[in-house]
Amino acid sequence: MPQIFHPRINGLTRILLVGGALALLAVACVAYFVDRSPYLTGQGAVPEQPVPFSHEHHVGGLGIDCRYCHTSVDRSTFAGLPDTYTCMSCHSQLWTNAQMLAPVRESLKQDRPLVWVRVHKLPDFVYFNHQAHVTRGIGCESCHGRVDRMPLMRQAKPMTMQWCLDCHRHPATALRPKDRITAMGYAPAGNGDALLHQYRIHTDRITECVICHR
Amino acid sequence: MPQTTPETLLPEGLTHTTMTERIAGLVLEPRARGRWRLAFAVSAALALMFVVCLGTVFTVGVGLFGVNIPVAWGFPIVNTIWWIGIAHAGTLISAVLLLTRQPWRAPVARLAEAMALFAIVCAGIYAIVHLGRPQFMQFLIPYPNTMDLWPQWRSPLVWDFFAISTYFVFTLGFLYFSLLPDFATLRDRAHSRGLQIFYGVMALGWRGSALHWARYEQVNRVLAAVAAPIVVSVTGIISLDLAVSLVPGFHFTIFPPYFVAGALFSGFATVSFLAVVTRAMFGLKDLITRRHLDYLGRMMLLFALVVNYAYIQEVFTAWYSGDPYQRAVYINRWTGPYAPAWWAMFVCNSLLVQLLWFRRVRRSPAMLLALAITSNIGMWLERFQIVFTSTYASYMPSAWGLSGPTLWDLLVALGSLGLFAFLLLAFVRLAPVVSMHDMRVSIYRAVHKEKSGD
Amino acid sequence: MTPRAILPGGIALLALGALGAALGGAAFASSWLAAALIWGSLPLGALAMLMTQGLTGGRWGEQSRPLWLALAATLPLFAAAMLPLLFGLHTLFSWTLPAQELPEVVRNKLAYLNRPFFVVRSLGYFAIWLGLAWALGVWRRRTAPVQAPGLILWLLALTFFAFDWFMSLEPEFYSDIYGLMLGTGMVAAAIACALLLGAQHMDPGARRDIANLWLAILLGWAFTAFSQYIVIWSANLPDEIGWYIHRSQGAWRPISVISFVLFFLLPFIVLLSSAAKGRADWLMFAAASCLAGHILQICWLILPAFGGWSAPQVWLVPALVLVVGAIYGAGYNAGQRINRGAEDD
Amino acid sequence: MTEQNHSEQDHYGLIARFAGPEALVAATLSAREAGYRRLEAHAPFPVPGLAEALTFRERGIPLIALSLGATAAAAAFFLQWYTAVIDYPFVVGGKPLNSWPAFLPVTFQVGIFSTVMAATITMLAKDRLPHYYHPIFNCDDFARASADGFFLSVRGGDPAEVEDFLRAQGAENVRELML
């Protein structure tokens, strides 16, 4: 009987087998890192907004407190976005003719709100509550990053469940005193356990499914 | 010395040469037989329908099925269990008969193994369908994900995933393993270059080396030894889906062995069905003899009896539990809206199979074929009544509600039968229906016995 | 077996039973029950093996048949040991209490669990088993072809026997796998006993076949025992889980582990090796371990139903196990002698 | 033997076909006795005694399969225990964190799966399969080795001498194998 395969096929098969195994391993490794990469989590993304609002200028430069614009952050699940009147409380006096602010003036004129694009999105099945976090010692910075250094708002953290759990498992490291919630660049003073007690946070419960998924 | 000469399992004058020519010839003949082509066309159409219907169900949603509260599991799980059951006898025939050195194994083992693989394909697809959200199937796999979540190890659905995938890989490996030397035979006999390369690649360069055969036999024994535990554990785990719940009619401790017996019963019925069909379709009446059918019939009877033992246990324990809910489920099965299913099951699985006590029935291909079909219908009805009658009327009368299949349920079920037949028919065209190397051993042993006996 | 062996043994058993009944007390009755069932398992298991061997034939069957016959011949002693208990049902079974004192689920099953029916059933089981033993040639030369229906009858009788004498000790508990679990356990113990006594006299091929069968039965037992455990553990229903809670308290927890290791794990590990399956010494070691595990296991199944240990039980159980075991040994020996005599003829 | 004019370095060995399994076993045994070491026997089914005639004494595969299976099962149990007790402990259905009875099914399945994989892969690795090109396939009637032919191939030695030896053992024909 004649040979069906060329002698070189033997070597080629070995290469294919080993290569295939290595390729599978490589795919697994790549998948692992892609899954966590900003490409999929959206970390660092800067969505285009109707007005290129600079947190760096308003928070870092002017020192406006977060709650001046996000008024319901300590009273509601939703932090609240400023309405046009809030903008106009200053910009009716300052930069009244700036081209950049034209959409704001248009919004006021037509009595139609500005359509801001949400930067920190959570899935619908996650019940996130701003009030619960802000009144229990979690600073704005913990999730939104150094907004005082963001000329344009960007997603500071990966916003994955893993990232949520990191904090829910060890909340003490992130806690701040009540008066430092909106502070930027706050360094924890190492009194996390005392704060845990003070805020009455039950660490055994906050990793349960029903805390976030109802 | 036995007084009567036992009817031979091998035809007169069969040698290695003639057997190889005949069986390899079935695969290598250039034009398929008419009956095969007709069956293949029909099954291909059904398989296509299966793909289309499942595609629709996946894109539109499982709402197309008749599943609803309270019968949340409905047809998909009934068919999952049914197909898994059929898959089981394949492995058992092959493995346990190998371990116990049963001489009637060789001609039916290949059919059984192939049937096992294709039935587990259908079962696996149905298992994904029955999840309800097939797009999240990967949540059953433990992998480091960005949710920091792991599968819920206390859930039988996770066990199912491991059991079914293990079983799938095992049946695939077992079948391929048994085909390996036969692929070499086909490679050496193929005439066209394309077939030479196809069988050549599949045969891995098998050259019948004595050392290779020795290792082959070692591995065969290992595979056969783990086959029985796999068979028992996989169906046992499937049954726990139901049994670990609190639903009266599901919660029975006998479910694992009961499902295993049911699986083997329907599996042996299917092997009998295929054996009868194959020997007629390919003219193998001298290789798959009436004596083989007799043995298959005996196995069917054995497992039917175990199933009936489980029925008795279930009914008695439901009463003996003293629990009014457990008792009500049974009264409901006999008299409720699904009662025809129970009584039909009773006729198929408890009454008709008793015919298998008679030797003449076991040896009649027509009778065995008929009983194989009724037994499989009976086993399907058994799973139907377990799933439907247990859930449609549970503790709270306010939550009661009837449920029935929609057209989609029926089309997908029919399509899965088509897929099974399609794969099996394609298989018998591409690979020998009878294991040639096992037959060679049988022939060798027969010749050897003759030599040493005389 | 001839009356020569049955009569003294039976009379001794009955006398002992009567003594115990006179002394009274659940402690004696429960210990007596456990001891009787420990040894009674062996002829029951042997009966099943006798029928299996009749169905399959083979060399292992021919070589082991005398052992099964001799073991099955001790069946009358088992019956004699159980007989006194029929007069002490009130000390064993709480369902004999007045109906109004029983929980509702137990009241619902009094149509089955009542004294006359219970006695009739028990007599029925032994009638079936003794009849089968007789038909299978335990006490005569001929063997009737009753193996296939016989196995069915054997299993059904054993199942309901298990419901009556094992499960109804705790009348709330129910588990429909119990018959299979007990059946496989008894057959495994009977094979262990046969191997312990006869492994040396078999040829390696037959030993290997019996060892493989034994392994299969042991795996079957493990499968059924685990099935019952996982189903009841997962559902956690009050009527069922109590059975396991009673059996995992105090001394019973270590006993459950030890009996599992002795009855299943050690023999299983030995049987994994194909070399050990052919060797009589390894098989006899595994068999001894399995039998020790069997003794503990039956105690574990029976005694926790009666609450905590009472003082007399600490010595009663071992004493009874020994006494009954010795009488069984005598009966078994007699049976074997008769078999040998039959072969010589 | 067919007369062929190949250079010395193309020579692989000689292959002889025997009439039946018994003849092959006998020839193999006497070839071992005659001092030939680089032998390979080919048959269409596992001929009893043939591997032993080639001094096959491996017992490794079942042992490797069993130990790898047991290791994988232990690893599977550890994974379940670690994920359910250490990494993300939460109570489900009132069951203890270490719900070992519920961990057993997966442990068992993984163990079985690994046993099967280990056995098969070890076999292929020891057989050095896949091996698509092999000099033995140059033999023109080797196709019968997968149907009804029983072959013994001998490497090394003086070809003429080996051929005489094989013919003396009752070989039906002897051929030279080229690389």
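Every chain is named by a letter (A, B, C and D) in the order it is written, and numbering of its residues begins at 1.
To be clear about the criterion, contacts are C-beta pairs under 8 Å (C-beta built on N, C-alpha and C of every residue); 3 or more make two chains touch, one makes a residue touch a chain.
Just so we're on the same page, UniProt names per chain: A = Cytochrome c7-like domain-containing protein; B = Molybdopterin-containing oxidoreductase family membrane subunit; C = Quinol:cytochrome c oxidoreductase quinone-binding subunit 2; D = Quinol:cytochrome c oxidoreductase membrane protein.
Given the structure is predicted, the values throughout are model-derived calculations rather than measurements.
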Pair joined by more contacting C-beta pairs (C-D or A-D): A-D
Whole-Å gap separating subunit A and subunit C, where each centre is the average of the chain's CA atoms: 67
Distance between the centres, which are taken as Cα means, of subunit D and subunit C, whole angstrom: 47
Rounded Å distance between subunit A and subunit D, as computed from the means of their C-alpha atoms: 58
Distance between the centres, which are taken as Cα means, of subunit C and subunit B, whole angstrom: 36
Per-residue overlap in subunit B, given as positions that touch at least 2 other chains: 148-149, 154, 187-188, 200, 205, 229, 233, 240
Where subunit D touches two or more other chains at once, by residue number: 88, 93, 102, 105, 130-133, 137, 142-143
Multi-partner residues of subunit C (at least 2 other chains): 230, 234
Contact graph of the chains (line, ring, star, complete, other): other
Subunit D-touching residues of subunit B, taken from the complex the two chains share: 15-17, 20-21, 24, 142, 148-150, 152-154, 156, 158-159, 162-163, 166, 169-170, 173, 177, 181, 184-185, 187-189, 200-201, 204-219, 221-223, 226, 229-230, 233-234, 237, 240, 437, 440-441, 444
Partner subunit D, residues of subunit A touching it in the complex: 1-10, 13, 17, 165, 207-209
Touch list for subunit B against partner subunit A, complex: 144-149, 187-188, 196-197, 200, 205
Residues of subunit C touching subunit D in the complex: 226, 229-230, 233-234, 236, 272
Touching residues on subunit B, where the partner in the complex is subunit C: 99, 154, 228-229, 232-233, 236, 240, 243-246, 251-257, 305, 309-310, 312-314, 316-317, 319-324
